[in-house]
Amino acid sequence: LAAVRSDQPLITLTTDFGINDNYVGIIKGIILHLNPKARIIDISHSVPPFDIGAGRYLLETSYRDFPSGTIHLAIIDPGVGTKRKAILLETPEFFFIGPDNGLLSFLPGKQIRRVFSVSSEKYFLREISSTFHGRDIFAPVAAYLSMGVSPAEFGPEMRSINRPRYRRYEKVGGRWTGRIIYIDRFGNLVTSFKGEDLPDRAFHIYIGDRDIGGLRRTFGSVRHGNAVGYINSFGYLEIAVNRGSAAELFGFDRRKPPKILIAPVHGGY
Amino acid sequence: LAAVRSDQPLITLTTDFGINDNYVGIIKGIILHLNPKARIIDISHSVPPFDIGAGRYLLETSYRDFPSGTIHLAIIDPGVGTKRKAILLETPEFFFIGPDNGLLSFLPGKQIRRVFSVSSEKYFLREISSTFHGRDIFAPVAAYLSMGVSPAEFGPEMRSINRPRYRRYEKVGGRWTGRIIYIDRFGNLVTSFKGEDLPDRAFHIYIGDRDIGGLRRTFGSVRHGNAVGYINSFGYLEIAVNRGSAAELFGFDRRKPPKILIAPVHGGY
Amino acid sequence: LAAVRSDQPLITLTTDFGINDNYVGIIKGIILHLNPKARIIDISHSVPPFDIGAGRYLLETSYRDFPSGTIHLAIIDPGVGTKRKAILLETPEFFFIGPDNGLLSFLPGKQIRRVFSVSSEKYFLREISSTFHGRDIFAPVAAYLSMGVSPAEFGPEMRSINRPRYRRYEKVGGRWTGRIIYIDRFGNLVTSFKGEDLPDRAFHIYIGDRDIGGLRRTFGSVRHGNAVGYINSFGYLEIAVNRGSAAELFGFDRRKPPKILIAPVHGGY
């Protein structure tokens, strides 16, 4: 991809702006103002405010389902108005635009072809506010990119992106310790474990100190009201309650989330 | 309709996925991936989880307002991963796709031209998860249908669809007993009675044992804060509080919903 | 503008319908039924029920960001079914459609070229309900306007619109007293003061009787958890808590909202 070439370029949005206010509508207005041919699809605007990890999960698990050439614009940006950079990232199939705060760090280095620091003011709105770069910088940059402006036009190339130290789990004394990275609409708890992280031997899953048994195929594998762990449709270990809410059952508190443990059933620990 | 022919085929979505997560965005991504010309309109994604009756109400009261040829995709699917069938239904004006669990049973048999069991795997995504058929089956099937694939291609024709025993009301001892089928954003209580079900003689409406008087023309017919029953803009008997919330006033509890009674004013019961 | 001429006319929606129900989907269905080429963008559907002031704020701060020729349809309509008028308003750049209840009164008279009373029933749906003019009147009128019907076709020209007495603030005894007009997703409190209303001399901002200090540049100017006043990206004085919620910190109660005071620091009051 040197530039976007489609007749109806697609731009997706992933933000923590919510849908109550007019922030999302404004971003769409700016994009369509500059490029009336653009099509805009919402991935989510309900990322918990400032929760970079949740935004990363939602984008990581959906970006591949869009057509080749899609521009993914992601704005969870607690550092807006500070010196954090805005970046434009190019892979063989997609473009990504967002703040350089780890939101896009799910992309492995080998998948990234080029990264640019978005800094060329000629593609920004004339006046830049301190609080709404979504409108003033990100929306027009996405629009101009969708009109065929070459990525290199937006600013100097960078050697690497900001990759916060991030481990899916730690292994200590024969157990694997992970955490909850996302809670969905059904109260399902998505953990930081991927299917490939789990041991070959039989194991049990613990939420804090509560044993919910071994891995199952789906939430329908247990009775109504019972907790169950399974690999969700995105490849992550997820904990659900059949026809209920795991977040409710386990009294999930966002400020003090329980650890997730994986321990072999006949372990020597 | 033998197949969809429009240049910009329209697909509507009615689901219980909520809009916080990326499920809806993914479905749109898959559809546009396969058919970039499709246009997608949300009817609602906030059907209460697994509430087939609420989903049926929302679709029944809106599908006719869309252009002829529209494909209505509806996914409230507590049985995902079990043996329930997916169906594609054809009426003279529209297509409907969804699980065969009663969600589409508002369509009278005489309106249905053909029904097909959606089972031809060549129109599914290559890997089928146990929990997200919206992405893996329903989205691609809707996309291929919108591209002109003939309905009969998706699987064998069926003789009938699943119609859960469903009565709008029962008449016992001179009273009609119905129930609440939907609560809207304003706290209005939609009942199972249609205008045509109501008696010709004067009657009062009761929520549980609370008499809210006779039928009025609209919620503006009573004072602020007062309860009122009227035929809503979809033909159903609805109970509202003028500039207030009937759900709040009557302390509605979803697990123990009150019955709705209709009783003649000078009845002999 | 004599009429809309675009190939893909844009219609925005600002309502208090919420997104749980099918009201918004139905409006889109009607518009696309009549004009399949229309594009529809949501500004917000989560205006608090019947809150005309909040709707006015959301539309006032976003309408200019859309392309010239855009039709802005706004429906916050507590008087639906009464004698309030529906209006179609034309400015040099945009069209506005909505009830004549103050919702559009942010437009200064000199910006308005013409106003029409929407009353020509040939552009309405055949049957008009008492409760859902969004579907029966506003949606088809917006659709026909987007198809090139001349504004004057929809009804007689009016001399003026309804402008509720509305002051951004009052000045009494050396202090300026304003109020909270909107609360956003982050719990930020938007006040009725615009930047241009504020005094040149040093001043402090008070929420009720709590002093939150002078004006800052952005919410990042104070420590996490501290309150701060700044001019938001729309030009209004806004009160926020850095990485927190001002609505929570100040225990905001919609029925008894605190006054906002501006008082000079070395004042003689």
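Chains: A, B and C, in written order; residue numbering restarts at 1 for each.
Heads up, the rule we're going with is that a residue touches a chain if its C-beta (ideal position, glycine included) is under 8 Å from a C-beta of that chain, and two chains touch if they have at least 3 such contacts.
None of these values were measured; they are calculated from a predicted model.
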Worksheet entry | Chain copies touching (chain B, chain C) - same or different residues, decided at half shared | different
Worksheet entry | Angle (degrees, nearest 5) of the CA superposition of chain A onto chain C | 120
Worksheet entry | CA centroid of chain B to CA centroid of chain C, Å | 32
Worksheet item: Which residue numbers or ranges of chain A touch two or more of the other chains?
Response: 19
Worksheet, complete the sentence: In the complex, the residues of chain A that touch chain C are 17-26, 28-30, 32-33, 36, 49-50, 78, 80-82, 129-132, 135-136
Item to complete: Name, in rising order, each residue of chain A that touches chain B in their complex.
Response: 6, 8, 10, 12, 14, 19, 39, 41-46, 58-59, 61-62, 65-67, 70, 184-186, 217-220, 230, 232-233, 243
